[in-house]
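Should a chain be cited, it is by its letter among A, B, C and D, assigned in written order, with residues numbered from 1 in that chain.
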Amino acid sequence: MGLVKVGVLGATGSVGQRFTLLLDSHPDFELYALGASARSAGKPYKDAVTWKQTNLMPEFAKNIPVEQCTPEGRFAECEIVFSGLDSDVAGDIETAFAAAGKIVVSNASNFRRAADVPLIVPIVNPEHMSVVEKRVQEAKKEGKPRPGFIVCISNCSTAGLVAPLKPLVDAFGPIDALTTTTLQAISGAGFSPGVSGIDILDNIVPYIGGEEEKIEWETRKILGGVSADGNGFALIPEDEMKVSAQCNRVPVSDGHTECISFRFASRPAPSVDQIKATLAEYQCEAFKLGCHSAPKQTIHVLEETNRPQPRLDRDRDAGYGVSVGRVREDPVLDFKMVVLSHNTVIGAAGAGVLIAEILKAKNVLN
Amino acid sequence: MGLVKVGVLGATGSVGQRFTLLLDSHPDFELYALGASARSAGKPYKDAVTWKQTNLMPEFAKNIPVEQCTPEGRFAECEIVFSGLDSDVAGDIETAFAAAGKIVVSNASNFRRAADVPLIVPIVNPEHMSVVEKRVQEAKKEGKPRPGFIVCISNCSTAGLVAPLKPLVDAFGPIDALTTTTLQAISGAGFSPGVSGIDILDNIVPYIGGEEEKIEWETRKILGGVSADGNGFALIPEDEMKVSAQCNRVPVSDGHTECISFRFASRPAPSVDQIKATLAEYQCEAFKLGCHSAPKQTIHVLEETNRPQPRLDRDRDAGYGVSVGRVREDPVLDFKMVVLSHNTVIGAAGAGVLIAEILKAKNVLN
Amino acid sequence: MGLVKVGVLGATGSVGQRFTLLLDSHPDFELYALGASARSAGKPYKDAVTWKQTNLMPEFAKNIPVEQCTPEGRFAECEIVFSGLDSDVAGDIETAFAAAGKIVVSNASNFRRAADVPLIVPIVNPEHMSVVEKRVQEAKKEGKPRPGFIVCISNCSTAGLVAPLKPLVDAFGPIDALTTTTLQAISGAGFSPGVSGIDILDNIVPYIGGEEEKIEWETRKILGGVSADGNGFALIPEDEMKVSAQCNRVPVSDGHTECISFRFASRPAPSVDQIKATLAEYQCEAFKLGCHSAPKQTIHVLEETNRPQPRLDRDRDAGYGVSVGRVREDPVLDFKMVVLSHNTVIGAAGAGVLIAEILKAKNVLN
Amino acid sequence: MGLVKVGVLGATGSVGQRFTLLLDSHPDFELYALGASARSAGKPYKDAVTWKQTNLMPEFAKNIPVEQCTPEGRFAECEIVFSGLDSDVAGDIETAFAAAGKIVVSNASNFRRAADVPLIVPIVNPEHMSVVEKRVQEAKKEGKPRPGFIVCISNCSTAGLVAPLKPLVDAFGPIDALTTTTLQAISGAGFSPGVSGIDILDNIVPYIGGEEEKIEWETRKILGGVSADGNGFALIPEDEMKVSAQCNRVPVSDGHTECISFRFASRPAPSVDQIKATLAEYQCEAFKLGCHSAPKQTIHVLEETNRPQPRLDRDRDAGYGVSVGRVREDPVLDFKMVVLSHNTVIGAAGAGVLIAEILKAKNVLN
């Protein structure tokens, strides 16, 4: 009892399967509805899905009947839906759920740039959710039911990039130039079709469609503040923070590595030791709120010269912690360092679950 | 007849094996002497070596008796020696060979920073060899025998970096800021022990000992000119060209990928189209000299959005050509692009053979 | 002049691309027609294809207009067509081409079991083509035009299995029990979609749909003889040669490894040395006929304990040679050994080209 | 309190690190002593070891002082030592510990063939430990202290092979012919040097030194019984159970896949369904004894056509469970199937810990 009923949209896909795993025995949520395409509707989940996770399909999910993605049936009873939908269908479906009063936590990119939709990395900028909290408070005051709304999960490589930058900006002021070269795992591409084996074995693909633009834009929204009226977001202007991304797909299953460098707007710049100390001391608000999935250590600062490495470090704090290594001065900008984040946890489904936990902790739910 | 006798130092190692392959049926050179440690000396090559190349061991090499690395025995008859020695032994041995009048073309890093030793990427800066040519001419004038000397092959990732930059600097003037993030193949690490399988499978290692320093320093020597007196090299000062490298080992067998970005000192910067045209039109001097191994097309400018890729592009021009793709403007510096070079060809043994071909074409040999 | 005009069906697919590469500058054949689906028809080849080979697209092919797969247009002028069609469309198309008098050399599996269609591994059983030669001779005698016919290329792992067995059966009599466990490369699965990267990275898939049945059946046709009347094939009965296959997909790009064991029907069995000598001495008929692509050494018997290995041995004789290693006694059957064959050369497109060369050498063409 | 003090020999190596991980917070054992070579002795563990596990080094272990491998110092207080020593040093050291009254659970191969040493796969033949229990009981009766003894862990691929065979032999009688072709992970080779990356990327190595002989011999000891006098083991004679192994190293990090086939001595053979049911119902004695690490489900019978797969199935029951798939009739022997086992858990260190748990559960300890 006391569990909030939730649903998953796009439940048979790669992201949907991970939502299902993460919601197994969750202390706050009961996964109650699973949505997929008309072709799957009506089947028990275990027959509708081609399960591809390293963890076995949770028992509880096996016999949940898959439904179409409309805010009816079992979805009518859910307060939150997690969306793993592809962006070609996510727009209409997510809009319909929000209109029906549901909280939609979406991994799709459709609404990330919407002026009133928070774009959230839960270990970084949960304060952006004040924009929807405000709408909820206003409705309450007026005696209206809690309105539906959408919260977007950031792009996976954006998440890894902004995680260490946020505490640094808080401590040392704005960053005016930022570069990242990513080495991204293949799990992020899903599996229908995802990245072909023959394309990635003994190979690098130095391009991921749309990824560089996402990183360069989302970073400016996430590291920016809430607008003065509290109703939207104050993007950092392009000329105040120049961001440049170069994205590569590499033969790694999980875990995005990013080689980043950055320059602070203010002089003098802090020292390497100050950078490291600030990162190590950072404690995300979700942890302070007692959220179940929040990492105990938000950012792990590794001192070994050859870390972080995806295979060794991606699972820290169950994938919710971010690892940073090789912090050092950069001859071109101020500092360079290597960041590793788990692309399917803090960079996708895992972020969604933690966002929902934060909403619950902040009493935004009914 | 007419073939120049040459030898290989460190012939049983990874680089030495590649020299042996490249010298099979070479139109200019006869591989006559093979040197290794005392443990191998006396054995026919086929018994002394653990052959690990995808091409079979050349027939001609199988029964050459391996000798110790001294300028005696079969080495006494060689005019050129290619050195694949490890740097812990290369110093003394290469010095001894040069003192004995041999031309030493070395893949070791020991003498790369020496004031009178050319550091050569043969498709980039063969004009640096004028420093040794001058010494040879002076000796000839004085009726002395051609003196021995050392020429160094650059570090493998330096080679890929400077190849496209040279024609750009020639066309558009100095570069004052340059960054590269490398994704380096494992073949460059040799195989005793090289990179362990368990360390690199489904993994990235974001560190290669000494590599970043080599790139940052060697680039300033190679892109700099010959000193005014013609006896040495005019390094570009650190503050005139800031270079920053971040090096990663990736699960790729051959072919280093580099994501680079750079800024010209002069304004206005050229256009992307000018950059591409300049790269495509560049013809290295070695090709003009008719050198056997020189690439017909020095730099392949690829227009496909997702190229170059190591598995598809590393063997262009037998590994002597460099591929460049994704040339585009960079929000932080001026331009960014992806460069792929074959680390064991233009980045190591192959460069050595082409250097020797240039020396022959320029009549520096006896 | 003197070149036989040929076409490729399914020219934009994985197998079709390899046919195109193999026919570049071929001494016997001129690739004149390229067929694909209606969607591609009308475009020059370079615009219709997503080229995925490590060798660059041959210049000659770039501007050949792609046509639909009917025996008209440029195909009307071709005597031979190589089919890389998927089996869901190959049946009707290949039948139409044969009916139009074309020689169809097919990589599809549709007609492999047809009673009058030779199933050929060109280094193994070219004598099976006597069945079509006979039809050609009879037509000639009757003053009729050469009839069209179909010749099938075997399944890729069947090719590697039967290559060493044929000379052994010729020398030592029938094999009555045979097992193979395959470790198959991913290139054999094509690339639309082929094997997904996330399915094969750090993984093994112990199943390839239909593959085990193909090996178990095709081996009995290929190692069997021509029927007494010369019009068909005498399959070895299942109870005279028991064949058991276990097939695995492994993270290897090219080259199928097979761990095989077998027992001869006659006693005493030969010695290991006799086995090796027989394999090493075997010279395929295609080589004796002087065919361009025939391997000089049909079977390479490797003595190193840890060979053959795909990366080191798959390209022997340009992929037309098969490597055998670790020949030793087997406690359960008589012998066990490891066989490596190049799945896209002798196991697919390459076999097709060599089959056509044999037909030409035997004067079966017009 | 109540915890049995234990030590690890060879604690800085690959197997030793895994023992250390498995003993973190163990309910029965306190890891108290860590032994390594003289070079490491005296240092705290965290400084002596190059940690290469995906799990972080346990806090408790970091400051344990590493000692030399003699039954003195902290080892004097330990009742059990787990040995991850290399076989070139394991012989003398393990003998010395046993002579000093210690129970040695060893992953080395030195004593596996010793007539009085149990060779144990803990989910298969714990009853073999009755041979040492008997010696312990006799000493107790005579009022003597419990004697030291050695128990050997089997070879990793032997473990996966015998796990499903044991319940089948128990149910359907002896197996008289057995073949296995293994696809073995690289973690089993350790990391100094282990398998080189360049040797295994895009490659298969069809040979593992000594492995085939180990499988062929160990299987006959493990599936045999205890000798009539209870003091040793009754090996199955070679001609009563013919075993043939073909071993391959594949680019997989963890998890050995084996394609096995086997024939029962008795006719008629059981059905495929009977085989599956017997495997699924099998419950290992360790689980019945309540051992902490014992798998709840000893053998997972998978019905999906393409399972088991290492990446998806290796971690079942924390690596202590074995997965079996594709059970089907075999044209040559009776049945064939695919077995997957975790080579570093049930095939190495994990087996050692479970063996010790069984000894405790059976009151063999002091």
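The rule we apply is simple: contacts are C-beta pairs under 8 Å (C-beta built on N, C-alpha and C of every residue); 3 or more make two chains touch, one makes a residue touch a chain.
Since this is a predicted model, take the numbers as computed values, not measurements.
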Among the chain pairs B-D, A-D or B-C, which one reproduces the interface of A-C, with more than half of its contact pairs identical by residue number?
B-D
Interface composition of copies chain A and chain D: same or different, split at half
same
Round to the nearest whole Å and give the separation of the Cα centres of chain B and chain D.
49
Per the C-alpha means, the centres of chain A and chain D lie apart by a whole-Å value of 41
Approximately how many whole Å separate the CA-defined centres of chain A and chain B?
43
In chain B, the residues touching two or more other chains are 52, 201-202, 251-253, 311-312
For chain B, which residues are in contact with chain A within the complex?
177-179, 181, 183, 201-207, 209, 216, 238, 242-244, 246, 248, 250-253, 257, 259, 261, 305-312, 325-326, 330-333, 336, 338
Chain B contacts chain D in the complex at 52, 186-187, 189, 191, 193-202, 251-253
Taking the touch rule as given, give the residues of chain D at its contact with chain A in the complex, in rising order.
52-54, 56, 201-202, 253, 311-312, 315-316
